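Chain nomenclature is as follows: A, B, C, D and E, assigned in order of appearance, with residue numbering initiated at 1 for each chain independently.
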Amino acid sequence: MIIGGAIMAVTSLKIFRAAIYLLFSLIGIAGLYFWLNYEFIAAVQIVVYVGGIVVLIIFSIFLTHHSGEDMKAPKIAQSVFAAIAAAAGFALTLTLINRHSFLVGAEKAVEPSVNNIGMQMLSTTEHGYLLPFEVISMLLLASMIGAIVIAIKIKPKA
Amino acid sequence: MGKEFFILMKPELGLMLIIFLLLILKIWDGIKEKTTLLSIVNIVLLLNFVAGFFFNKEGTLFSGMYQTNDILVLEKSILSFGTLLISLIAWDWLKKHEHMLEFYILLLTTLLGMNFMISAGNFMMLYLGLELATIPLAALCNFDLEKLKSSEAALKMILSSAFASCILLFGISMLYGTTGTLIFSELPAHLDGGMLQMLAFIFVFIGFAFKLSVVPFHFWTADVYEGSPVAVTSYLSVISKGAIVFVFISTLINLFSTLGATWYHLLVISIVMTITAGNLFAMRQDNIKRFLAFSSITQVGYILLGLTNGTDAGSASAIYFLVVYIFSNLAAFGVVSMVSEQTGKENISDFNGFYKNNKVAGWVMALALFSLAGIPPTAGFFGKMFLVTAGAAKGNYLLLAFASLNMVVSLYYYLRVVKAIFINANENPIEKVQSSFPVKIALGICMLGVIATGFYSGIYDYIVSVIK
Amino acid sequence: MNEIGLPQILVISVALFFIGVYGFLTRRNMITMLMSIELILNSVNINFIAFNKYLFPGKLDGLFFTVIIITIAAAEAAVAIAIIINLYRKYKSIDVEDANSMKF
Amino acid sequence: MLHSKLIALVPLLPLATFLVIGLFGRKYLKNFSGILGTLSLLTAAVISFYTAYEYFFVVGKNAAGVYEQIIAFKYTWLQFSPGMSIDMGIILDPISIMMIVVVTFVSLMVHIYSMGYMHGEERYSTYYAFLSLFTFSMLGLVLASNIFQIYIFWELVGVSSFLLIGFYYDKPSAVAAAKKAFIVTRFADLGFLIGILVLAFYSGTLDFQTLIERFTTNSEYYTAVTAASFMGISALTWGLVLVFIGGAGKSAMFPLHVWLPDAMEGPTPVSALIHAATMVVAGVYLVARLFPVFALSCPPALDVVTYVGLFSSLFAAIIACTQTDIKRVLAYSTMSQIGFMMFALGISGYGGEEGLGYMASMFHLFTHAMFKALLFLGAGAVIHYVHSNEMKDMGGLRKSMPVTHITFLIACLAIAGIPPFAGFFSKEEILAAAFHSNKVVFVVAIITAAITAFYMFRLYFSIFWNKPSYAEASAGEQKVEAHGHDDHAHTDHAHEKHGEGTKTMLLPLILLGLLAIGAGFIPFGHFVSSDGKGLETEFHLMFSLAPVGLALLGILLAMWLYKRANTKPTRISEAVGGIYRAAYRKFYIDEIYLFITKKIIFNVIGKPAAWIDKNIVDGCINLSATLAENFSETLRPMQSGKVQHYAMFFFVGVLGFAVLFIYFWTN
Amino acid sequence: MNLTLLILIPLLTAIVILTCKSLQSVRWVAFIGSMIQLGLSGMLLYAYNTERALGNTAQMLFSERHSWYAALNIEYYIGVDGISIAMILLTAFVVAAGVLISWKMEMLSKEFFFLLMLLSVGAYGFFISLDLFTMFFFLEVAVIPKFLLIGIWGSGKKEYSAMKLALMLMGGSALVLIGILGVYYNTNDGAGNHTFDILKISQQHIPISLQLYFFPVLFTGFGVFTAMFPFHTWAPDGHSSAPTAASMFLAGISMKLGGYGCLRVAMYLMPEGAHHYSWAIILVATIAIIYGAFATLMQKDLKYINAYSSVSHCGFVLLGIGMMTQTAIVGAVMQMVSHGLMTALFFGAIGMMYERTHTRQVAQLGGLLKVMPFIGVVFVIAGLCSLGLPGLSGFAAEMTVFVGSWQNPGMWHRLATILACASIVVTAVYILRAAGASVMGPIKDEHFRALKDANWNEKLASVLLLVAILAIGMAPFWLIDLVGPDSQIIMDHLTNAGGL
């Protein structure tokens, strides 16, 4: 489902459908997280991606498209070349991964419960992630401002 | 926590302070007069820069996520100094701009990001800093709001840097997978040079090489430089490059030192490709900003050459060169911005006979270009020489020969511009360009730097002493 | 379906990654390029989570990294879309092929 | 002991004059400069006469009655390496004394003569400056105590001759002649220079005395230089021959003689001084200077000298018979006479009776200087009078210029070797020496002597007789000016006022005429000889019959042909046709040279060199530049402005790096 | 005697010039500055001789040493020996003459004289510095002013020439850089420290295997500056497009930088390499001499004639260096000085003629000796000097080279020497052709009759150079005494290195 969705998403010519396929693929990933019982991440995934980004994307699609029309198909040569390159990369990475024997960490697992996560996220002690949290807030702020400034409506030239 | 914390994180805190101050100003919207605002901002920046030289301490915070020491502080102060210069040079442009405050907020955010990136203690912070330094920058590229090129530049910036950071992230994830840690202090112990690790390492390297616009990851550079407002362009070419170089110096080299030989060869290949391509592309440019973009690519090649040395000497020469490079490049951009501000001309051919009406500006430009080309008596000569000297230390004389002969090629296109300014005839040359007081100051500082930094060995000695 | 281990997940993520790359290289619509980026980021996320789960459960590095990536992705998307819209106002097109006024 | 200060004055006075006149002449002492130059030279001449007296009669002879060399003074000028240095010195021995006497005297004569001849010249003072310069260099040359010093003054002589030949520098022909003279002699000097290098290298010195001493005695230097050989010829021979080439160049020996006839473009007094009396015998002097080495250590080189000299004398004599420009005739005769001196040296041995040739040659040099100068000055007077060098414009001048006529006649007799004129004695000695040493040489020599007599008198008759008288001959003939100065002013000046010229012009003629008569009676052998011992030259009438007879024959032939205007000469010349034309064209030597230089050197070497430089050497450099530019031009499309292309490159780059470093360049 | 003055004076002059307002003041400042330099160099000569007379046997006198970039062992280390003093004198004379010659430079005169002074700074600094890095610094300082001088004030295809000159010279200095760093990294004072100090390096020993790489690089690098055969093509174009003073500087001084570098750096620091490659040096030099001479035969433009003859004459310098006998080296140094003065004079005369007649084509000139006697005479004298007339500097120098070369008994060396000697005939040919056609002969163009002769500044300039030329030509011994001992030191260094 993930892969399928992804492939459809990058190939379908109807941009709107592409967005929907992307949505499916993302939800699939969320499912995967659930299955790995990382509920928190799954939740974040669904909230941010499904609830945020995809919606954003769809809005922008509405803004920039008269719905329903096809996108221009990619140039053949370009897509072929890209396909080859991607395939090559895929093969390369996979072979390397298969060659590689992953060493398993010894220490006992930490329960990735929301509680734990919350504690760690806001603590500055060992395994504390306060700083990144702060920094991200700065980042969000900045990008918000930037986005506003840019996207703010300027008089369309006659 | 406590006093310790404030001292160690001083640069970042200072920046955050300024940012919030600006936010408040923005929201409260009290001061209408632009110039006063600008002067306030600049003064604050100056303070921030000056503060960089007092009570510095070594230490780490947040369980090693944040580390600092004299070198890092020095690097940060260099960056903030460059930013100050840029904001001075951009004075005239900003006065007209209605989003001046946002400009500063974003600018400083990126600077903050760079600071975090420099003093990052693990990959998470590194990546965060990188993004923090990139995304607002993309927004900044778009700040000539009604200019088409500007937003196109922004697009190219954001898309390609997103792609690059994807590569970087993939690399990091693989590193994580193969070593099980993200903390720099622990990482080298886990590096065993396995193939997957190599792949990861190369991905990471390329993620940063992209930001340095190392060939063949440089294509975005020219377009973005051309499209963005001059201030942003100079910021891109000097500060963000510098930040990445600093990251190389203070983090990556030590981090992957266990992969010595590969690391060296990787650098060598990048150097050769970068210098060659940079020169070849710069040769036929007509837009002066594109031209400077490619020239900066070549410069990066030389910086990497210095880094191949791998010892303190190399790092010192690289830092020194960056200082010189800030002076010279900003001087060049300063003149370019003046011209493009008042005449909208950005082509080298427009500069024909420039000297006729602009004696001082002509000399400033010329000196800056000489400094970039590494011609004495400008400081650029010393910078380049030290880089090359450092690069030759490993005894790789072919590389040395390659680099020094390429200097000649690069001289060719720098001289093209000089020729345009001084020699080429032009029936209606550019009129006398006016420049406001801050710009004059900034250029003055740059010229002082370009000339004095070379003769006065103190700066270099200071850098060395700090690194030791 | 039989037991899914690390390798299988990695296969998925890598596949996702390169699909994303393919998309990025081929789609001529800026927004879809953005979507491809998201795909890639997700593949990275999967990597982190998987590694964290199977190899290094001791700390939650991977998890937090994922969180950060997701957030950043959001921010990036916001800015990118803003830029795209801005560009669309001028070009009346979001075909990336058209955005080549600067070249050589 | 004669004090060296005084002798030093001999060359230095003219130098001072040159500087003074050269710097201030043009402006301040325009017409006074002639007198100044003359006076200073007069002093110099007096001093040299005094020196000669001192040397020959007071201090010169040592106990053994041998004239020894005295180094008046020596100053190190340029130290090459320990032991090898260029010294500025003055050497006094019979030949140098004899030479300074000749030089100063003839030069003095010319100075005086020129006061009249060059009168009213625009660059009058410059002319005198150059004359002084030349005199200085010539004196320096003959007094040189160091082979490199000779070379230095050799060059200086060359350049002053260049300046004087090219005195009328706005006349292209003059400039061309000057260039030719300088370049040809320069070419010869190349030989001289290399010769010096060779000799100096093996002898380890540049000083004449030491050098001669090392090469004549059986020293290790001697063995070294004879042992070393190149192309089977010993280094010594090479050295000497090369040096002789230098001499041959200056002395206009075949085949380096081509410059001499053209050099007649210069003012006639100059020709008298430089190209008759003094400079051209420098070659002879050089050989004489090194004579011990030639004679004692290296006979083969001496043979070269002999045959070159002999051939040149005959060759020149034949050409002289056909020339119509009187100065050219004289020029060729000079060449021929110098040939005499050369082969005289060549056949001579060292010491005692053997050394007769040496002494004879010097003697001939001496007398020849006198009568040849006289001839030139006379010719000058004639040209001055008729404003042309061509025989056909002359004739019947004996009435209108008697003094010139008489003196000229004396000179002709002298050169023809008719007793009791000076030439007779010296020539007799030469012939005698030839007779004793080498019959072939003797025969050729005696024939040449006869031809000499013939062409000299051809000259004489066609100038002074031939036509009834100059008056109607030159009626309405207004010849083109030979010199730069004003035509009418001068003609008046020449015809009405003084007839054949000013007193200043006549005085030298007379003086020289007297010498041409009397010089022969000097017992030359007592003073000058190869080894410094006196040489008693007895004189047998029987022997001298043949040459004198032949000479008279030649004279009669000339008289028969040229005394009256008639068509015999043309008929004869048509009869012998080819040879005549060849001789008239100087056997096409000039053409050959022209071919070699213009065609070979310029087109085959020069042009290609220039072409290669422009197209190949420079081409490569420009090519590299263009290549780089074109390459960058071809690269530019990569920067297509499309994000996806960039990303494509990016991604390919990533894969490339990965593959490269993971599979190929692993450590 | 404080050597730093030699750098400071021109520098100050340059700065003062920038502050000048009027053309007059600029001229006079430049003039006074150059005169002070002249005086300084004279004093230097005097002081040097007295020191030596007092028995000071240090290799370098008046040396100063300040650590500059301690971390990289870069020092500001200066000092002079006889050779460098000769070069300094040459520079001073040419600078003064150049300033005087370009008296009437109205266009951007301030910049013009500023750049001239900058050039002289480079030259002085190069000649006095004993630290490779400092030396290299000054070597490059002198490049860009040339570019601007030719480009801005030049004539003809100036832009091409200027670019070509700058690039080729930079190429040369790039090679020099490689060589210097190669040497630097192979020095070792036992404690493992590298050094740029020439004297120290000469005491240490660079591994021969490396000398074989770096000697040719370094020598070629400097060779480019002195117009060594395949890399000489910047010279003709550059010289001919440059304004008069610039040509004087180029041919007079900056070509000598190369020769000096070859001698002082390449040969002195890598003697084995020198021995190993001497045949190549001689080959190149001989080619340059002969080929330069013949190429000159074909030139029509006076400046080109002199430029190519410079190539030929600088061949003598290289020949002398390559022959590696003491006399030959002395000859090379003398030839540098003499050629510097002579060619400066020649270019000066050509410039004066060009300024008046506005043509440099031999075919169009003629009879100038009549209308402008002074200039004509200067031209002829310069010509005679260049064809090696005794009494003028050229003769003494060339003869020393020849004698010295002949002392090297190799057959190949002999051949080279003979060829070199032969070139003086060709020299005579082209010089006389040029002189005969341009200053002698009938006046080709009636306008020439109206032309004025040299004015005081030009006269003064020519006289300055003439005095120097005569001083060497008439009394070469003082120069020999000045240069001899130090070239002996170099020679001993070479001989000790073995090989001969």
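Criterion: contacts are C-beta pairs under 8 Å (C-beta built on N, C-alpha and C of every residue); 3 or more make two chains touch, one makes a residue touch a chain.
All values reported here derive from a predicted model rather than from experimental measurement.
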*Can you tell me the least number of steps between subunit C and subunit D, where a step is a move to a chain it touches?*
1
*How many hops, at fewest, get you from subunit B to subunit E via touching chains?*
1
*Looking at C-alpha means, what's the farthest chain from subunit E?*
A
*Best-connected chain pair, where connection means C-beta pairs in contact*: A-C
_Identity of the chain that, by mean CA position, is farthest from subunit B_ = D
*Hey, which chain is the most central one here, using CA centres?*
E
*Chain centre separation (subunit D, subunit E; CA means) in Å*: 37
*Report the inter-chain centroid distance for subunit B and subunit C in whole angstrom, where each centroid is the mean of the CA atoms.*
27
_Between subunit D and subunit B, distance of the C-alpha-averaged centres to the nearest whole Å_ = 78
*Please compute the C-alpha centroid of subunit A, do the same for subunit E, then give the distance between them in whole Å.*
70
*Quick one: which residues in subunit B touch 2 or more of the other chains?*
124, 128, 131, 135-136, 138-139, 142, 145, 151, 154-156, 159, 163, 177, 180, 195, 199, 222-223, 412
*asked:* Please output the residue numbers of subunit D that touch at least 2 other chains, ranges allowed.
replied: 625, 636, 639, 641, 643-644, 647-648, 651-652, 654, 658, 662
*Would you mind listing the residues of subunit E that make contact with two or more other chains?*
167
*Just spell out which pairs of chains touch, all of them.*
A-B, A-C, A-D, B-C, B-D, B-E, C-D, D-E
*Of all residues in subunit E, which touch subunit D in the complex?*
164, 167-168, 230, 232-233, 291, 294-295, 297-299, 326-327, 367, 369-370, 373, 384, 387-391, 395-396, 399-400, 402-404, 406-407, 409, 417-418, 421-422, 424-425, 428-429, 432-433, 436, 440-443, 475-477, 480, 484
_Residues of subunit D touching subunit B in the complex_ = 625, 628-629, 631-633, 635-636, 638-639, 641, 643, 645-647, 649-650, 652-654, 657-658, 660-662, 665-667
_Show me the residue ranges of subunit C that touch subunit B in the complex, using the header's touch definition._
17, 20, 24, 30, 33-34, 37, 40-41, 43-44, 47-48, 51, 55-56, 61-62, 64-65, 68-69, 72, 75-76, 79-80, 82-84, 86-87, 90-91, 96, 99, 101-103
*Name, in rising order, each residue of subunit A that touches subunit D in their complex.*
78, 81-82, 85, 88-89, 92, 96
*Over in the complex, which subunit E residues touch subunit B? Could you list them?*
68-72, 133, 136-138, 140-141, 143-144, 147-148, 151-152, 158-159, 162-163, 166-167, 170-171, 174-175, 177-178, 181-182, 184-185, 213, 217
